[in-house]
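Which chain is which? They are A, B, C, D, E and F, in the order written, and residues in each are numbered from 1.
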Amino acid sequence: MFFHKQELQYTAKPKQPDAVYARRMQEILGGQYGEITVAMQYSFQAWNAHLPGKYRDLLFGIAAEEFSHVEMIATMIAQLLEKLPVEQSEAAIQADPTVGAILGGTDVQSAIVAGAGVRPVDSNGNPWQASYITASGNLLADFTANANAEMQGRVQVARIYEMTDDPGVRDMLSFLIARDTVHQQQWTAAAAELQAEGVEQLPVPSNFPRSRENRDVEYQFINFSDGAEAKDGAWAKGPTPDGEGEFSYEEAPFPTSPAVFPPPTQPDPRFFGTSEKPNLVEKAAGAVKDAVSRK
Amino acid sequence: MFFHKQELQYTAKPKQPDAVYARRMQEILGGQYGEITVAMQYSFQAWNAHLPGKYRDLLFGIAAEEFSHVEMIATMIAQLLEKLPVEQSEAAIQADPTVGAILGGTDVQSAIVAGAGVRPVDSNGNPWQASYITASGNLLADFTANANAEMQGRVQVARIYEMTDDPGVRDMLSFLIARDTVHQQQWTAAAAELQAEGVEQLPVPSNFPRSRENRDVEYQFINFSDGAEAKDGAWAKGPTPDGEGEFSYEEAPFPTSPAVFPPPTQPDPRFFGTSEKPNLVEKAAGAVKDAVSRK
Amino acid sequence: MFFHKQELQYTAKPKQPDAVYARRMQEILGGQYGEITVAMQYSFQAWNAHLPGKYRDLLFGIAAEEFSHVEMIATMIAQLLEKLPVEQSEAAIQADPTVGAILGGTDVQSAIVAGAGVRPVDSNGNPWQASYITASGNLLADFTANANAEMQGRVQVARIYEMTDDPGVRDMLSFLIARDTVHQQQWTAAAAELQAEGVEQLPVPSNFPRSRENRDVEYQFINFSDGAEAKDGAWAKGPTPDGEGEFSYEEAPFPTSPAVFPPPTQPDPRFFGTSEKPNLVEKAAGAVKDAVSRK
Amino acid sequence: MFFHKQELQYTAKPKQPDAVYARRMQEILGGQYGEITVAMQYSFQAWNAHLPGKYRDLLFGIAAEEFSHVEMIATMIAQLLEKLPVEQSEAAIQADPTVGAILGGTDVQSAIVAGAGVRPVDSNGNPWQASYITASGNLLADFTANANAEMQGRVQVARIYEMTDDPGVRDMLSFLIARDTVHQQQWTAAAAELQAEGVEQLPVPSNFPRSRENRDVEYQFINFSDGAEAKDGAWAKGPTPDGEGEFSYEEAPFPTSPAVFPPPTQPDPRFFGTSEKPNLVEKAAGAVKDAVSRK
Amino acid sequence: MFFHKQELQYTAKPKQPDAVYARRMQEILGGQYGEITVAMQYSFQAWNAHLPGKYRDLLFGIAAEEFSHVEMIATMIAQLLEKLPVEQSEAAIQADPTVGAILGGTDVQSAIVAGAGVRPVDSNGNPWQASYITASGNLLADFTANANAEMQGRVQVARIYEMTDDPGVRDMLSFLIARDTVHQQQWTAAAAELQAEGVEQLPVPSNFPRSRENRDVEYQFINFSDGAEAKDGAWAKGPTPDGEGEFSYEEAPFPTSPAVFPPPTQPDPRFFGTSEKPNLVEKAAGAVKDAVSRK
Amino acid sequence: MFFHKQELQYTAKPKQPDAVYARRMQEILGGQYGEITVAMQYSFQAWNAHLPGKYRDLLFGIAAEEFSHVEMIATMIAQLLEKLPVEQSEAAIQADPTVGAILGGTDVQSAIVAGAGVRPVDSNGNPWQASYITASGNLLADFTANANAEMQGRVQVARIYEMTDDPGVRDMLSFLIARDTVHQQQWTAAAAELQAEGVEQLPVPSNFPRSRENRDVEYQFINFSDGAEAKDGAWAKGPTPDGEGEFSYEEAPFPTSPAVFPPPTQPDPRFFGTSEKPNLVEKAAGAVKDAVSRK
């Protein structure tokens, strides 16, 4: 069950409205790596968890915090939009080019659709979509997804931190960045703990029998490009992270003999694809069938 | 530049057609974590790389392999669809319930749109979309995204491996699983190398000054749920992965004083939102303005 | 701020797993009128409210309940999927046509993507998207949107109630239907109260001056079809809901003189549209310009 | 059957081109609540109507008018775009900042994709999509959806009316606003008539037996937030709109005993989720099976 | 202006309901090449036409017919769905595997969302979207798009014709196929007429000066694959359709000297990409700036 | 198999960065008719080809070139973005309106999401989606789709050529335009060759028996609009392109007798649509059933 309180987790108050910046902030609300994404991602992972206990509690514990971040950012954006200008035409721009330049930086649907309100979209106005989230049921894979989400999130918040000097905005962002800092480390720590406890290990999923994979190629770096330096990294030589092998380097791709391209398929002619068989045969057959059926 | 050869990287030949299974295999071609995703993701990361040398060469080297996997899977699916039935109606199902059950398992657009052909969609028929990919310019964040993508990919391929007994299909999947094994370890190794070389470190992005974040909350686990066991994990106590701090545990969320909800915004009344001000005032003003403008 | 408790608002326990039905239930979770939609819709309306007090409190008060419904349904679906079969091929179907028929009724991504888990999608596997929600800043319009959402929601839950006999599922749905009952009446009551208090009235938005609209056609039913009975309804005669007019009936559409179709536009020829002007002129001009620029 | 005449329902002629404003007008053409939405929504409701006669005739009668509005707006936008500038680079902007500001306000695909033409998109360039429409087969729910659509539509047209002073544009908008006025009242009147005639009543759907819903909670306002004033509205006390009950107020949410969170699910281990069971068991089993199958 | 009559262009009456087939028919209504696409495509091309007269009249003349086809198909699908079963659970399927097989073939949202009604979606339930249409302002390009749309449409209708034996359905489809026949030929004829009249010619757009293109490569077939037979076609030798050149054949791709890959970009470090410059420099600079700003 | 070389097919080097223009160029990378579309379209057509030999080799031969164009454009865009400004607020715009105007012309996600990097989106920031592509298995239909794609592509590249004076950009575009020139002619030639060889002919698909279509209307132009000049074109008189008929002209649409609108459908009442049957009957029945089941 979710409950709501009309306090915020942290102060969300800009020094002054800024509709241009409001649009930038939409990214960390409704973008691919915005707060809606992490709130929903951790919730679905919790609902799909097959392990009771600390890992699921961790997921629930952070998920609801992320919903609280959604609210902080939404509240901030609504305030940033408070002085959004109404007139939006070439005449208005010619009357004041600075206003015109500002208009060019705002999200036009903030005005027309939301009446100077926050919207569940990214900074380009793309509506948030659930295909952004990941919840596979495999915790090591999903915690890695979560670590990535917090990293991408912190990169984006850091970028928009630099886009403004508003002290109220920066104060709230400094809070969010700190929470991204701890969350990216927590998912990293949780992923490490899963491995340390032997619950799940590299390669994920760890309980798929290795004997079923093609072991000839499970440690090869195969260079499908001509970059000469790819061979110099830790991915092309030395021990593998699963502690079981050694990376090797193949300078160029090679087809596995006899990897010939199979012959084209020949589906039922009634799919009307272009095929080798003379069309006349089908045409004749169809016509005959038609003639017969008409009698 | 990309070149193409009409050999495959590995044999892609089913023992026999299976249109039901063809639909399952679409997931690893055109799904969120299918081969199109990784091929495009690594390519865009390479084109956006700001470092020349081994990391970019790594990206190019694997990207083109993933395009080659796209082709192997596409070729396999086309063959699995070769005997897709044409008749698809209640009458056909009543004539043969087994055929009916098979029809229920296929992707109906394989028949109508592609004429028994492979399509750039997932196993539910959702078209592949570029919002699946990640390319931020920050290599540690992106390599973590890549490790996640290979983990999710291997989980999914392992699942569909279990869905069939066809030896030809399983043979190809055993190859792809092995490549997912090596790739998830390579991105993990590459992420470690970035950190070992001091190019990029936790928390990502590492060159955002820590002094700008709210350091009071950068190591706290705050439990927004009531799960009692969240406090027992490596994310709530002990050293943090960045080597600079110690996790702490907060049993419940707390608003930061004075985190009051700000008062509602009052945008320009011409946005026609419902506001505190009596509507009559605006109505009167508008009517007067109208009356004046008509003279 | 949002908080989470690991109790549910109401028992969510099926008598037994049913993966076919799980797919149906996805509609009321992640569909156009599912619980994610109403939870997000009411939240964004609250964040965009320009009136403090009871209307905004109403929005917050129901929003968090809807998030709690999201959780109940997600929890139910995860349990319904617990016995989802793994094998999914033509061979498996031929071995047991009943299993085949069941497979045809499930969401294939539940298996491959979520490992027998719940997903943020509708019953056809379309990911939830934020373009489903409405939050305009105008409360009478938005409460009408909310009344509609609860009506559509109750229609859909009533339909899926009839699709199963599972007593555990029906028990939870009887709770959700009752909440849809009260919510659709509450939004209706709230819309009436807005009007009774004179805060907002028909036509919405009420503070747009009526003098600015074309009053000649503001009460006409114009029949653009040839249905003879459209003239018999309360929309074609009698008083209008705003209490200010009388509906009239126009038997057929009529252009307003002189509503001629304007002449085709002639944009800059460098947009390369097909235009009346001879192409040769532009070709010559371009060639000359090219020749000059090459010197 | 649909027919077309090359007259417009009403004059659509701007005083002068205005590419900035053209983008704003796209919202009421191809947005969530634009004219394409209502034209399609009423058409699909008519095609799905189960009642012959006046209600279906009403739907057909307005649907075709909305297609005529689509045409008026499309025609207007094409004219507004007639002088769209071609050059669009930093150099062009530096040469004339006013032109630059104007460019920032236009839809860039109007230029590149349509060559200064109208497009089936909203003001942010999102393509119109059919998931905007509602056609459930239940007329009271759908007429409420229609009333909402006309309200949202009128709010948006009123907003863009204020964005320009062009008398030609305003003249057309004054016509559209008047039609939105009458349509929102007609759907309201039609919804009332459905109820007055006893065809359909609150709660929708009215022929779902009330005895099947959980009657304990069908009239309760449960406050999931801490807003003190939610108890003061017509939704928390007094008679309910269906005339059968009385609203009550619950100050805080409460789980229904024993609403414990169910234990985590344990799907087939071949879905490779992270589960309680030791992985070693499956690993061993898989390896044995593999060893056997290889013999 | 559009008008509607409650007659259909052609009889749309199935011999009997068939919910499985109804789903197939959705493709030609709401799919990429369904009737909604062509109706909207031709309408937008007409509204964007820069030439008055016969070409624009042609567009209007066919567009409204396509809307009439939308209606015929929608009406047919609604009837095919009339006996859609309600119960949809594993228990229902086990009670009758044939019913189960039928359920697997239907669109589950037809039941839950539309109550056994037609929907604006394709055969996989993807909502129609406006990004399917093409209207560039260039008539030769657009008529080619139209010819393609009618070809794809006829291929799809032919496929679904074969999927059923219902004489009522086949009768309507035989009408639609004939109209696709004539329309694909009409767009072909119209494209030829544009060229014959010199209004527009190959290559499109014909008034872009050829002198501006890189004439060295404008007639070369460059074989980026290793297929030996690509050289044997009319695209690799002989005269070109524009009557101005001769195709040539290049056996393999070649970079144009000096097509070196440019060095990686170095954006502003505040974008926090991973770059060559030591991070310490930025870190130090940021910290200094922070220290200064705090004084 | 695909291989990659770190050379480009052609020089991709702007004279100087231009973030405004970078956004325009995104259209020809990730738009409906951008290079990703054609690369994927030709690849899927090849994988679905049922004919071995020259036509399939043609598809493979051009597909990989298009991937090489994707890379050239991506490389160019990344360079154009190199000097993208970081500060993006009203304050920054007021400090320098020219910078403000430039910001209004850029894609804001280039900054926040990609850190001044190229993205797989169109010029409005819509992610590329696989529903743009066409691969039906019918070669004449698909080659027509390809000719259209190259025409639309050349129109768009020609437009953006005119948007800049940067000699480096124009040099690369002159190369791409030349390749569009040859490709649109090659698909035209290939379509002609298919017909000349009798493999596939008009109307597509040619092996659907003409006897099955309604031959009464297969050559009629039916004018559903009132444009007087539609009768003057080659589509309304004279021989048809298939060489088998003669177009005729019908001045107005006509319903085919007896094309009456069928009566409304009456689905199972448990779908809760609004129907003719008195609701009381169902209500009573449900209540009785409930009462019985409770005993």
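To be clear about the criterion, a contact is a pair of C-beta atoms (placed from the backbone, for glycine too) under 8 Å apart; a residue touches a chain by one contact, two chains touch by 3 or more.
All of these numbers come straight from a predicted model, not from anything done at the bench.
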item	value
Intersection of contact partners for subunit A and subunit B	C, D, E, F
Mean-CA-position distance for subunit F and subunit A (Å)	25
Interchain centroid distance [CA atoms averaged], subunit E/subunit F, Å	5
For subunit D, residues contacting two or more additional chains	1-9, 32, 48, 55-56, 60-61, 63-64, 68, 75, 78, 86, 97, 100-101, 103-105, 111, 113, 115-117, 124-127, 129, 131, 136-138, 140, 155-156, 158-159, 162, 205, 208, 212, 224-225, 227, 253, 255, 265-267, 270-273
Topology of the chain contact graph, where touching chains are joined (line, ring, star, complete, other)	complete
Subunit C residues touching subunit B - in the complex, by the definition given at the top	1-6, 48-52, 55-56, 86-94, 97, 100-101, 103-105, 107-109, 111-113, 115, 124-127, 136-140, 194, 198-200, 205-209, 211-212
Parts of subunit D lying in touch with subunit B, wherever the complex brings them together	155, 158-159, 162, 270-272
Residues on subunit A engaged by subunit F in the complex (per definition of touch)	18-21, 23-24, 27, 31-32, 97-98, 100-105, 122-126, 155-156, 159-160, 162-166, 224-227, 253, 255, 263-267, 269, 271-276, 279, 282-283, 286-287, 290-291
Touching residues on subunit F, where the partner in the complex is subunit E	5-13, 32, 53-58, 60-65, 68, 75, 78-79, 81-86, 111, 115-117, 126, 129, 131-132, 134, 136, 138, 140-141, 144-145, 147-148, 151-152, 154-156, 158, 161, 170, 174-175, 177-182, 184-190, 192-193, 196, 202-205, 208, 210, 212-225, 227-230, 232-235, 238, 240-242, 247, 253, 255-256, 258-262, 265-268, 270-273
Touching residues on subunit E, where the partner in the complex is subunit D	1-9, 30, 36, 40, 43-44, 47-48, 60-61, 63-64, 67-68, 70-71, 74-75, 78, 113-121, 127-131, 133, 135-138
